[in-house]
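Take this structure first; my questions come after.
Each chain carries a letter (A, B, C and D) given by its place in the written order, and its residues are counted from 1.
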């Protein structure tokens, strides 16, 4: 396996800026740029008086996360870091200022040391300006730490469900406590496990960012190639799905008669055909467990450049969370009508 | 460049069936299966009395095309062939019967010898059953034949625009002539050119389906690896975009003050980041030509398994076509609200 | 050697075709990878494997025409693609040419092949020299007619057809493509054999071997 | 050799750091590729190249503290990631320790490094032995303090720190990771040097070389 090191790019050092320019040019009906904050994407008609401002963010290279989730009904702003690197505090703080409408701001991001440090520094700086800011770091990756240490877990594709719930809560004009509560509830209800088949190549380097042998896959690998639970020969799709589902079901506590929502997420170069083959087995397993699926999302929601691999995320729903997921939104990556 | 030959699959001979099962299990709110026609996907609430039935189809491996474009406001049915192989006449005919509501049926597919033969056979069989069927083969790929022989051109990502226009026309209850006219108008207004960076691997074979050298790209290559216009070293993104736009603009006749819609489409393993970098340049070029963009679509709309590459499609709009593109639809791959 | 071929012989021949196509699958896909989309071997194998499933002993009781029709429909539905309509039409036309016959002699076999070729041409609209399977089937039908004219037995007619098809397939390497996925390739296709022509030679050789079995 | 380092010397040292990081970029990313996400060299180079841009002659007129603060903020904003907050905090704390000084002697340099280390620890909450840059900076600060105690000149203090950092970085190969992206790696990280520790050694060596220039 050789990662694809051929890319459509000009200057690798300019790739994030050029991506953002391209994004604004493509979706002027959804987002707007700010010359004061070139690393942020603002919702055109998101922020409004009395609404909690939702700022999400993280490293670039995970598109459509995070910029694709900005828009009415979801995030008010996304701050983009360099590829696989948290954004710096300055643009995060600026975004907080810009989306603040008197009801406070919520920062949301995947739980990585870098993101935590940068968003925390921004929150400290915001506090000095008397902006009320709270933070929720998504911790859905079951493979990244045992249950007893779940606050150490990484945030991966489950970001999608947790952001969606918080965005809906904020769009419904819940107050900051209410939005934080919705985010935390979704965060606690969401579990993800992934599997990687190949590495990806960072735009600035010519080499794959990790190595997986021919015919090898790694179960539980993180979206940046962080090592997972086990590495071994490529298994049939149903076996892979079983490994992911077993682990998720064992932890979730979801039982017969309950309802969940599913995300079968592609990491970059895994085909939709394969994702549906995986979904087929995941659904069989949930049917067997008499857990019903309220809504499934299948496709690329949180990627790792052109890595080959997939993840399964499950959010255990109650009426509240279901309503939040079904709440309308209009973003570049997701339209719920 | 080595194509990714590791896939999430069980039995390669069962992959299309398993994909479809996964698709139905994921989107029961949008599509339904038919036990009488295991290779077809039916819209849950598409077909209705007096509405022209729209049946689209083609080889599998291009997901979300074609199954992802089935639903209210777009296609009433999609028929899936084997990977990169047209579906057979039997399931196409069955779909025609099943979506027929007294107003005739329109078949739409990309213009490939195999698809033409199979859909034509199905149309002949339908005629013997007194079903009125018309056909429109999409011919958007400017690289596949010179303008004088444009009816020989292949159908690639522009399928998306042409299907969308026809689906909207049928949802607006135009009669068969009207829907055909809308489809043909969109077909004439849509031009696409693509570029490939790597091959893909068919599920049933272990080898890439064609060869592109390290550091090479091919401009004008088709979605199955059909050779294009020129093969050479990988160019900067802006140069690639220029090559595609030059060719499209030269032919389209779109001039200052006009409006178009754009699709920057990924073929499989090209990242969204790169697609936005391409869109950036395409938009600069259209801005320079004072052509305005009504709506842009950026992402994977018509793929070639996990091929790396991209295409740019442009549809020249008038008021009619714009209204058809903006018409609401709800499918697995596209929600317009 | 048989003087006429029965429905059971056709069943046996088609069995052998299925086996040979499976054996040649990788080579045929590789040929298609060079000038097409890389699936021809896979497609043919899917089709002929589906045919194998319906080649039951009961089928031997049916007429040659019925056998050909059933094989045609089975192949078509399993395959689609370009090969599906082409071979389905060819087999139905070939089968129709043998309508009402208990057994097919050398001349009947030549008629079968001529009708099959006409089916391919009607369906695909390709001309000889377009670098398609037509360039294997055309010399095959011609050679079969000549052999039958000379009084050859069915297996000999098929052998002549198979040899001509092989030469015809080889000759496609020098042709510029005009039809099918490789049509856009132009000069770059020079030097490469057309996969559909190559598989035609495989099919006819299998039929000849099947007919020659004791 | 200088007995004290001025703001201009700090500017020169940071220049050299930027050069050395650029040279070591690929190696550092490769180290991160083994146990992290493969971007450490890229990240550090982005940051230090941004710093290079602001290292203008005018800056030499400012205080050491101001230079450090400006470098810290520039690095942070260019980088984000883990390294951004860590080094920004370290540099601000180091700069603060030199507040009001025209020039920094050996003892002041040791104080600078001790304050920087404390900044890294406050920001990242990593302990020695967690297999991070802390395992290079901790022995570096200790060695610097010992050298200063023994009356070493600034360049000698930095040299002692750099050598200890190099050894500290090498020693991370034997450690199990506890913080950062590689924390999930466990046993598999054994035998591999932590990229952040490796870059710490590069930075300190560059500073020592810069301080020793005539």
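By our rule, a contact is a pair of C-beta atoms (placed from the backbone, for glycine too) under 8 Å apart; a residue touches a chain by one contact, two chains touch by 3 or more.
The chain lineup, named per UniProt: A, B = Dihydroxyacetone kinase DhaK subunit; C, D = Dihydroxyacetone kinase DhaL subunit.
The model shown is predicted, which means the values in this text are computed figures rather than measured ones.
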item	value
Both-way neighbours, i.e. chains that touch chain C and touch chain A	B
For chain B paired with chain C, centre-to-centre distance based on mean C-alpha positions, whole Å	32
Averaged-CA centre spacing for the pair chain D and chain C, given as whole angstrom	74
Whole-Å gap between the CA centroids of chain A and chain B	28
Gap in Å, rounded to a whole number, between the CA centres of chain D and chain B	53
Set of all touching chain pairs, with the criterion as stated earlier	A-B, A-D, B-C
Contact set on chain A toward chain B in their complex	1-2, 4, 6-10, 15, 18-23, 25-27, 29, 60-61, 63-64, 68, 197-198, 203, 215, 217, 234, 236-238, 240, 262, 264, 268-281, 283, 293, 295-296, 298-300, 303, 305-306, 308, 310, 328, 330, 332, 335-337
Residue ranges of chain D in contact with chain A within the complex	26, 29-30, 33-34, 36-39, 41-43, 46, 76-86, 123-124, 179-186, 188
Complex interface listing, chain A residues touching chain D	13, 59, 81-91, 112-114, 117-118, 121, 143-145, 152, 154, 202, 204-205, 207-211, 222, 224-228
